[in-house]
Amino acid sequence: MSFLSDYIHYIGSFALVLIGLYVVLVKSNLIKVIIGINLIDTGVNLFLVSVGYLHMGTAPIFSQADGAGKEMVDPVPQALVLTAIVIGVSVVALALSMAIRLYQHYGTLDLRKITELKW
Amino acid sequence: MVSPILLIAVPLALAFIIPLLGLISQKLTRYVPAAAMAFNFVVALLLLPQVLQEPWVVQTAGFPPPFSIHLVAGPLGVGLSLLIALVGLVVAIYAIGYVREGDVARYHTLYLLLLTGATGMVLTGDLFNLFVFFEILCISSYPLVGYRGDRAGIESSAKYLIQGAIGSSLVLLGIGFVYGLFGTLSMADIASSIDSVSPMKVFISMAFLITGFGVEAAVLPLNAWLPDAHSSAPSSISAILSGIAIKAGVYAVARVVFTIYGADTIPLLVLVVGILTLLVGEISAFSQNNIKRLLAYSSIGQIGLIVFALGIASASGVQGALFLVVSHALAKGLLFLSVGYMIYRTGSMEISSLYGIARRMPVSSLCFTIGAFSLVGLPPFIGFPAKFTVIRAALERADPVFTALVGIVLLGTVVEGAYFFRIVQGLHFRPPPESAAPAGAGQGEAPISALVPICLLAALIVAVGVYPSVLTDYLGPAARDLLDKAAYIHHVLGV
Amino acid sequence: MRKALSLAVLLVLALGLASALRGPSVGAEAKRGELFDEQKVNFGRRYNSRAREETGASNVVASVVVTYRGLDTLGEVAVLFIAATGLAALLHTGKQRRSGEEAEPSSLIVFTGCRFVFPLILLLGAYVFVHGHLTPGGGFQGGAVVASGFLLIYLGCRGRQPDRQRLNAVESLSGVAFVVIGLVGLAVGGSFLLNFLPEGSKYALLSAGIIPVIYVFIGLKVGSELGGILGDLSGARR
Amino acid sequence: MIIFQTFLLAVMLAAAISAAVFRDLMNAVIACALVSLMASIMFYFLQAPDVAMAEASIGAGLTTGIFIFAIRRTVRQEEDEEGS
């Protein structure tokens, strides 16, 4: 059981990263690839937050009720993840606008058919 | 009193203002990047003598270094931001006349932010902050590559974005591992406690960081995006991508490897990767018919040479690498800028359609020739002392392996010389093609707003080539800044 | 071929990740604090023990985001600004293919409902970013809530679009304000983004110096940027 | 508690796999939103309420919105895979 509680978050986040990477590498539809990028982002964010997690810790927010006694989890990875989430949504939005433009040019989103240039 | 933070804060504020300015007058927005880069140039020039004495560690939010983001304005950081401001200023002046179609105000916003990202990368002393500025650099270059909105531009920009996004995810994973291991993000702090962790874990985090930053640095297996992106972007953007953006990626890799993990971890692998990148780049360039693709592949070759020089990991090797960074930024910027109007005038990127253009555009062709000769490494230009320094550094090691590698480098130079001489000969002496259809875009020389920056770059290349001591006096402290881990830690943490 | 190659890459990555997991040293469970002397404990412990005295904010994450790592936040706002700008530049260059795409207006009930709910969502967003230094939430979350209000407008109230010029103006002004606050800190105390306002009393709305001020600007900026992105992607006319 | 978190992770991974295999892009996007939602609940359990709010509003809400806008302006079906 302790193995589960120690590692489950890492395993989940790495599995998510690997699924996303699989989608990016294997799929040829551009929107599917962007979905893959989104999955990778979520996985990496989950990993970062798990790094800062302290077993039985509390959220890093002081409140009037109590707070003394328990140790708080690490706030730094949470701040990093806030940044990473916003960067992720920026990349996804840009990629989608490119998908729209590519569709206007080629009438398809299949990366195998979009081969004006050599890869 | 100027502070290095102004190098980042002022361009950012100006970039935020551009949309407001666009409401008043679209024309005014064209001058903002040039103004911002001129400001940066002056500030960096003022800071340089001071930081040569002692690096300036800038704290933010009023807390001492390891606990809040800090900038480390050492000789290397300020020197590179001076280079970025110089090339950025020149290209910004060029772009005032060159970029006419499309959404001009947005072009200039993105362009300014790209340079801000590069400046932030070379100045910051915090790992995650490095990542954020890296993202600013990358994300602003994606739409700029596809700025013209044509098929090739959007396609290469989309492919660039996919590879770049995977690269940044890897960097973020690496940062997660580093934070898990050390509980700190300040590079000096990590470096000071690197020995307390098992080498295997250190290696894994390093592998993630290097692979991620390596995508932007375009080392061998990770550079599939580069020829497409550099050749389909507008010429002014190609100049910046080749001159500045790749160098920023290389800087990130070098900073992480040298400062965090120490110079003695450089394995032979880096040298081999550098040499392979050099060979593949030069040989692919040799077989190109498209002038901008050729220049892009040549950039790959030059990056290979820079990585090789960094891989020597001695003081003189790093000096040579920095010299190459400067010379390549100037020369490749010059080449892309001078080619820009040739392509505009002839309406084609084929080398054969540029034959004989020296009669119509003498100044541009002359400047192209200067840039090409400098890249090959001919004596009166800046490329010669740069390549000479690298080769001398490699031979100093007195190791048969290094001697053999120098042979391969010279072979690459020969290939490089062959294709550049072919183009130069074509530009000046071949008769123009029969089907030289004037595209109605005007004949003759490029406008004055383009000639001034081109001639400025050409003059710099010749001047530094004749008096290399202008630069070499400064390269020593800059190389020490990168190599001397103990001094870096001492300056930041004060221990 | 490509599939096999991709699977090989994935396998290598999976092995790397798995080997990194062995041993307890990933994660906050690692006993980092004992390895070093007092001065060099990890960031998180130091912030948790000192942040409230140093910044006056009850939400440690907010104080980390805005003061200790304020430069990151500025960069991140710039990234979102780049995305909005680049997206508009990409979608509005070249030929405009827009003909007969004018959808029929939505039904009266949906239209009225959206118009009724929209101000409430804005209010919620404002609440989230104003209280960022006291409770969970802050500039990004509040901005995202505001943007979801715009999403509702773009989905439900076709034909009645937010004024894009005004959105852009809000976006620019709040970005400039963020940098200017940072520069005021530089001028006053010699350090960018210095917390130069009084800390006030704990748990009060007006406390923690510049943190709520900056969070308000971040909220406005993120909200208008994400709203602009949504507007551009939905194909609404400008 | 840990059992519940494991269950959440299992749902998240199942949603991710279905996002990978669904032919209909709209379904894939909805599965993707489910992944973000589960991640957001995970963040809450990991004592990160700030991140949970951001992920729920940005990841599950806005990202889905922009995906849907983009799909509306392009195609909804993924092309057949004819081996590569």
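Some observations on this one:
For reference, chains read A, B, C and D in written order, and residue numbers begin at 1 within each chain.
We adopt the following convention: a contact is a pair of C-beta atoms (placed from the backbone, for glycine too) under 8 Å apart; a residue touches a chain by one contact, two chains touch by 3 or more.
All values reported here derive from a predicted model rather than from experimental measurement.
Judged by contacting C-beta pairs, the busier of the interfaces A-D and C-D is A-D.
Centres computed as Cα averages put chain A at a distance of 10 Å from chain D. Chain geometry summary: the mean Cα position of chain C and that of chain D are 20 Å apart.
Look at where the CA atoms of chain B average out and do the same for chain D: the two points lie 37 Å apart.
Mean C-alpha positions place chain A and chain C at a centre distance of 16 Å. Taken residue by residue, chain C touches two or more other chains at 2-3, 26-28, 42-45, 47, 59, 61, 69, 72, 75-76, 79, 82-83, 86-87, 90, 94, 136, 138, 140, 226, 229, 233, whereas all remaining positions touch fewer. Shared interface positions of chain D, defined as residues touching 2 or more other chains, are 48-50, 54, 58, 62, 66, 69-70, 73, 84. Annotation for chain A: residues touching 2 or more other chains are 17, 21-22, 50-54, 57, 59-61, 72-74, 76-78, 80, 82-83, 85-87, 89-91, 93-94, 96-101.
Of all possible chain pairs, those that touch are A-B, A-C, A-D, B-C, C-D. For chain C in complex with chain B, the touching residues are 16, 19-20, 23, 25-28, 30, 32, 35-36, 40-47, 54, 67-72, 74-76, 78-79, 81-83, 85-90, 92-94, 165, 168-169, 171-173, 175-176, 179-180, 182-183, 185-186, 189-195. By the touch criterion given at the top, residues 128, 132, 135, 139, 142-143, 146, 149, 151-152, 154-159, 161-162, 165-166, 168-169, 172-173, 175-176, 179-180, 183, 185, 224, 227-228, 232 of chain B touch chain A in their complex. By the touch rule above, chain D contacts chain C in their complex via residues 48-50, 52-54, 57-58, 61-62, 65-66, 69-70, 73, 84. By the touch rule above, chain B contacts chain C in their complex via residues 3, 5, 8-9, 12-13, 15-20, 23, 58-63, 66-69, 101-103, 106-107, 109-110, 113, 116, 120, 124, 126, 128-129, 132-133, 135-136, 139-140, 142-144, 146-150, 154, 177, 180-185, 189, 193, 196-198, 200-201, 204-205, 207-208.
Residue ranges on chain D touching chain A, taken from their complex, read 2, 5-6, 9, 12-13, 16-17, 19-20, 25, 28-29, 32, 35-36, 39, 42-43, 46-51, 54-55, 58-59, 62-63, 66-67, 69-71, 73-75, 78-79, 81, 84.
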